[in-house]
Amino acid sequence: MLARGGVRAEVDDEAWLQAMLDAEAALARAEARAGLIPGDHAEAIARACTAAGFDLAAIGRQAADTANPVAPLVRALTASVEGAAAGDVHRGATSQDILDTAAMLVAGRALHPLLEDLSGAADAAAELARIHRDTPMAGRTLLQQALPTTFGVKAAGWTAGLDEATTRLRAVADGRLAVQLGGGAGTLASLGEDGIRVLALFAEELGLHEPVLPWHTARGRIADLAGALGEAAGAAGKPALDVVLLAQTEVAEVREGTPGRGGSSTLPHKRNPVAAVSAVACANQAPGLVATLLAGMLQEHERAAGGWQSEWLPLSRLFEATGSVAAWIRDCLEHLEVDPVRMRTNLDATNGLLLAERITTALARDLGRGPAHELVERASADTVSGDRPFADLLAATPEIASRLSPEQLGELLDPATYLGSAGAFVDRTLRDHADRAHAGRP
Amino acid sequence: MLARGGVRAEVDDEAWLQAMLDAEAALARAEARAGLIPGDHAEAIARACTAAGFDLAAIGRQAADTANPVAPLVRALTASVEGAAAGDVHRGATSQDILDTAAMLVAGRALHPLLEDLSGAADAAAELARIHRDTPMAGRTLLQQALPTTFGVKAAGWTAGLDEATTRLRAVADGRLAVQLGGGAGTLASLGEDGIRVLALFAEELGLHEPVLPWHTARGRIADLAGALGEAAGAAGKPALDVVLLAQTEVAEVREGTPGRGGSSTLPHKRNPVAAVSAVACANQAPGLVATLLAGMLQEHERAAGGWQSEWLPLSRLFEATGSVAAWIRDCLEHLEVDPVRMRTNLDATNGLLLAERITTALARDLGRGPAHELVERASADTVSGDRPFADLLAATPEIASRLSPEQLGELLDPATYLGSAGAFVDRTLRDHADRAHAGRP
Amino acid sequence: MLARGGVRAEVDDEAWLQAMLDAEAALARAEARAGLIPGDHAEAIARACTAAGFDLAAIGRQAADTANPVAPLVRALTASVEGAAAGDVHRGATSQDILDTAAMLVAGRALHPLLEDLSGAADAAAELARIHRDTPMAGRTLLQQALPTTFGVKAAGWTAGLDEATTRLRAVADGRLAVQLGGGAGTLASLGEDGIRVLALFAEELGLHEPVLPWHTARGRIADLAGALGEAAGAAGKPALDVVLLAQTEVAEVREGTPGRGGSSTLPHKRNPVAAVSAVACANQAPGLVATLLAGMLQEHERAAGGWQSEWLPLSRLFEATGSVAAWIRDCLEHLEVDPVRMRTNLDATNGLLLAERITTALARDLGRGPAHELVERASADTVSGDRPFADLLAATPEIASRLSPEQLGELLDPATYLGSAGAFVDRTLRDHADRAHAGRP
Amino acid sequence: MLARGGVRAEVDDEAWLQAMLDAEAALARAEARAGLIPGDHAEAIARACTAAGFDLAAIGRQAADTANPVAPLVRALTASVEGAAAGDVHRGATSQDILDTAAMLVAGRALHPLLEDLSGAADAAAELARIHRDTPMAGRTLLQQALPTTFGVKAAGWTAGLDEATTRLRAVADGRLAVQLGGGAGTLASLGEDGIRVLALFAEELGLHEPVLPWHTARGRIADLAGALGEAAGAAGKPALDVVLLAQTEVAEVREGTPGRGGSSTLPHKRNPVAAVSAVACANQAPGLVATLLAGMLQEHERAAGGWQSEWLPLSRLFEATGSVAAWIRDCLEHLEVDPVRMRTNLDATNGLLLAERITTALARDLGRGPAHELVERASADTVSGDRPFADLLAATPEIASRLSPEQLGELLDPATYLGSAGAFVDRTLRDHADRAHAGRP
């Protein structure tokens, strides 16, 4: 019920069925182009290759007898092709050729909505960074307020993370999706002299890469895809975690604005960050699935006895999980309501303590970092434990007062003037985002 | 398509829906018994609590607005209860109360077929151990023939592994499945003084344990269940791996005998160990899912922002995976064809080398282990590299010949007399299996 | 550098070495008691079995030649035993017998400090629950303030989680640690008729269980241990996460009080919740290690070709990680500074909104839950968006005002009177904690 | 004890210490070049930055007080720098800046021996493929003999897998290793206007990339590295699994030839495939560690409260594991003894059954695939169950005999003429290997 976005429909049972049929159709056409089978046979086969013509449930049940669904599918396909063309169905291929090629087609198709949601989320983050380039807020480390930053830098960090994940997934989409064709033991023996040529045409038919040799038990493509999906889930989960934390009742610097969502069944006043929570929940699924796919890489000889068969489910689930994270975080960021006033209020809540580093640095020139650190730490501790503002306590410390006037102290304690390269970082990120978006377009 | 056995139907969406409704019905009845709501209200609610009356897909869609399905379910349930009783639906409960209780019901129900298949597999393994108590075969370490053993000991090892996993899962089934009831923040505040009493009655209604306090964010029960399922998947996967290895063309000591299964689409002579391969493939899914559930244990405050919501899917999948391993291995072992003649042939294939340890031990009394080891190692190496039988080479070594006569060497090299405690181990295991089976019965 | 507590020293290389030597010594003594070797040989062997006498690094280097360290250790041990006794070293055992038995010894020893820290942490949590039984605070779900609870209930939840994990680990410590003894292929063939007897005496010597049969490739014990450790890491990580969240600058309801810790290198005013953060960081390590150990359960035939050899490192690391979580959270909870005033301040910060559920319940009797929910939701929304207190907005709603007087509203909005069974839950938990602590004592 | 290769020394505690010191030295020099500190201060600092000058154990102990080792290291470094330069140590940096930069340095350094071993292994695999381009052997699917292939194709598959993993790791090494520099909250505030310039110079000093903005909580770089390492471990583990299987007593087509390795402590005749088993055992460690690193990507705000701190250990361990797999498999493949005679013997052991597909294909032209498949399946079954050779049974089937003469059958049943594109696949792979090796050179 946390699933969201367009990926799910691209990895469901029907999508896999169609992809397997697409592989069979392309194989027949490639073989026709290579002169191995008549062209009208190939077209007769291709015409029969539409998922609607097959009983998915029945194929699933029969799949149990061979530990893969291709054998019953080929039987059903053969039965549905009329005349002599039936004899040319699945020619020279082994089950894994069809299923692996289908996996690559499924991956390619699922990557479309996934990349769209990821880059949509990155666009939304970039827009937040642009708008709030100069909105000061508390920077928090180990969940403690540490130093001022801007919401722009925070959103720029989300943007960069999403952009990198998108770039990496795009590289996999562009470079690693290849057909599989090796026949029973990876030699294409039953295609005689024509194996290599059919392989090339098969790849051409499907718009997939042609591998150097069959990769039945060399699963780097799956591993690479899995790693890139896992990275994307994490990159998209990071802003979700931040939103959950920023939306806390006591922080309240953002809230999710999607209409009609987030009400609690028993607590009418609550507005739960539903999209962000769902994104985190979906992101949590990814690492275990990546591990399952990586652990499956050690496959026996020319076809695995378990490792290959354990790929299909986690691969689909990993796509679903990552697709859902991307869709949820895009929705979350596109509707995020930001409260700069509350950000400033929270920033001021520690009475200037957040600028302690700046005071230390100012004093360190004279005193050395160690002694400066200690003096400021003492004043900080007194501020935390007592009622007096940090500025007063600093001014009341002779070693400090002798070096910094009250005016200087006041300037040093203004967070809006202690933002360093924040603006520059936002600008660099927005430029990089624009460049990547440009590069990603066809 | 590798899913198998009765577990799947107990963890699908409809099973979850019914379990949530069972929780709502039990809650109403418990509150009626506690005097909080009229008895006829409770019965009116309970009557409405059948999954068939609800639109699963619609609830799933609406679930996205609250990040859990209970809110829309409660709305639909309330709408389907007539009259004033509608106002008493879901009283005092929070969504997580219903979903966690449903998870425990689902777990309890799914454990039935799972335990049945696990103990069925253990029975089949025990029967193999009984029949083949004294069938010699090569013991293999690091996939090298090492010493003689019996197929009985091997099957006894499978039995013990399955029995331990069954015992552990049964302990979780008996001891850790508890209702959840805490209301919005775990205090049962809206039930006033009656919270504790309703909690006890709620547990009684459902036949689940009463927890000491709500466990909304104390997920030990889920972790315990996950660990036990993971262990069961591994214990059931171990014999599957052995079957795959024993069924290798070059070993051929067993083959799967389930009729109509195991044919290859392109290689008509093959008889693939489909059940064992499927069991391995399903077992491979488990560890990653266990890790996901364990990683989800760090849940925030009174209700998690992601960790709880990430449990449902992996828990169902883990049940499915483990249930499938159990069903596959049971099927595999119940139909396993064992070839004692081939076992003996393989045992003799190394010309007596497997008994090298025995010769070493015999010589070590006189010569010390080190020198004995070296002498035997040399003869072994010559046997491996050349044509002459091990017995001849041993007899041709003066330091050996002077201590062991050809007759003694012949006796020492007979594998059937070098089985140590094999028979006793089988007998002990069968007794233990009988005891456990007895203990597990109601 | 995040490692902490007494576990680490029990699982380091020297601890493993000593445990292997203890296994060798016990084996010799068991064989002497069984009459297989002279008693003075056994004592000579046992005398040599002290880790200090061996070159750990050299053994490690030589281990690479056999993929396990027992072969070089046995060579070194044999060399260090004088006279004829040397010939009785390691008699009848295989490397895995020694290493698996050592693993069980290491586990048993490491469980001591781990259980001590876990139960120490549980005691500290129970003490916090006792002290703060009636300290109101905001209950938070999805990190939003939801309803009042008490710090007592929160700490009771920590207590129960730690107690359950402790009970589970204790069950493993008491029930699953067994010697390993099977010889080269699990039949104890080289011990002739005496195998079973030596096995029993070996177990007796070491205070470990006697298994029904060798478990070289039946890894349920390791899996059970791994699962229990993973659960413990999660249970101990949960309060750590809560402390990190409660210590946030904007929440500030607790802080870590261990002297001299938590300062930041650059931010002198910060007091980082170092123990809690470290606990979380260590807890994060556990799930992946559990998965590795579970994935290793599918082991080949009589000795695995990889799966067994991949256990040692993750098992030690899992102990280290879990031990460190336990030690950090114990330290954290034993020194936790709780701020009831700030808890009350935060509870009041939402102007009574947290009691919205109570108002809904009060109105639902007359109006039905749905309409009541809607009325209250509207007033809540206005409270959130505007300046007026919740009480005023409720009183200004005619359908509410006609049913609840201002006095009634005032009472209903007092959090301290809306704590339901909170106190009872604390009491139950403390009783249960006392019972478990009692049961756990020898 | 399974650790091997040069990676380990690059990721041990001392290597991390030196990398942190290198980061501090480079920071000082960058700041000097930016005019922020005097050049002689930078040189004084840089001179002090050698690991030998620091007490690693003491720093480790003190690290517990801040949950990271940089604070005590900076104190120790400051103490060891003489004069005013001490005040310029660690200027403007936060602990994570140093530790993350050190992680990137460590990664870059560890990748050298890792890539060397991976490409060494790929070279060895390629050489095997070249030598055995035309050595026929049984192709095995689901561990059943399926069709003939060549050892050349098998080794080419290993080569391609290793090459792809190497290419992917090299891309990470070249493209994703970047310095970290953000100061306390990622704004470089304490460097004033000079932050961006120092960042660029810092990157230049260390030969690392300059990030667009600080990536304290955007962990794509770590995730990418983890994924690539996991893929490499799997790619290097695959040939190891094959070697273990080919070295089985009953298969015996290869054996490991490294002198002095593989003897068993109790079984003198055994020659265990120690390198391959160790490689598998190390490869098994990787997936769980990758999952831990991916799960850690959800990091809070400007510095994580646990997720970052949980990276260091698994990252080092993942390098160690992957480095060891690479070193073991390189050693294994460089010394692999291949037995073409035994390969041919095994290929012939099924009396021609392996060519069943070819007969089916030959008959299918006339009979259609289905009927042909059935006829051949029947003859196969009779071959398996009885004594008569496949050729005789085929010839005795009228529907077959009427279509294929005994001579034709004899030709069709010769495995050496049914290798399809095997040779071409080897040639393509060797060309690709040469191209990649060329591209990878500086």
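For clarity, chains are labelled A, B, C and D in written order, and residue numbers in each chain start from 1.
In this text, contacts are C-beta pairs under 8 Å (C-beta built on N, C-alpha and C of every residue); 3 or more make two chains touch, one makes a residue touch a chain.
From a predicted model like this one, the values you see are computed outputs, not experimental measurements.
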**OP:** Check every other chain and keep only those touching both chain C and chain D; list them.
**Re:** A, B
**OP:** Using mean C-alpha positions as chain centres, tell me how far chain A is from chain D in Å, no decimals.
**Re:** 23
Original post:
How far is the middle of chain A from the middle of chain B, if each middle is the mean of its Cα atoms, in Å?
Top reply: 33
**OP:** Hunt down the residues of chain C that sit against at least two other chains at once, touch-wise.
**Re:** 67, 94, 140-143, 146-147, 183-184, 190, 240-241, 244-245, 263-264, 266-267, 272-273, 277, 280, 283-284, 287-288, 290-292, 295, 305, 357
Original post:
Linking chains that touch, what shape results: line, ring, star, complete or other?
Top reply: complete
Subject >> chain B contact footprint on chain C (complex, rising order) >> reply: 67, 78, 86-87, 89, 94, 139-143, 146-150, 153-154, 156-158, 160-161, 164-165, 168, 183-192, 195-196, 199, 211-215, 217-220, 223-224, 226-228, 230-231, 233-235, 237-238, 240-242, 245, 280, 283-284, 286-288, 290-292, 294-295, 297-305, 357-358, 361, 364-365, 368-370, 418-422, 424-426, 428-429, 432
**OP:** Over in the complex, which chain D residues touch chain C? Could you list them?
**Re:** 1-2, 4, 59-60, 63-71, 74, 90, 93-95, 183-184, 190, 240-241, 244, 260-267, 272-274, 276-278, 280-285, 287-292, 295-296, 305-310, 312-314, 317
**OP:** Enumerate the contact residues on chain C facing chain A in the complex.
**Re:** 138, 140-147, 244-245, 247-251, 263-264, 266-273, 277, 287-288, 291, 295, 346, 349-350, 353-354, 356-357, 360, 373-374, 376-377, 380-381, 383-384, 390
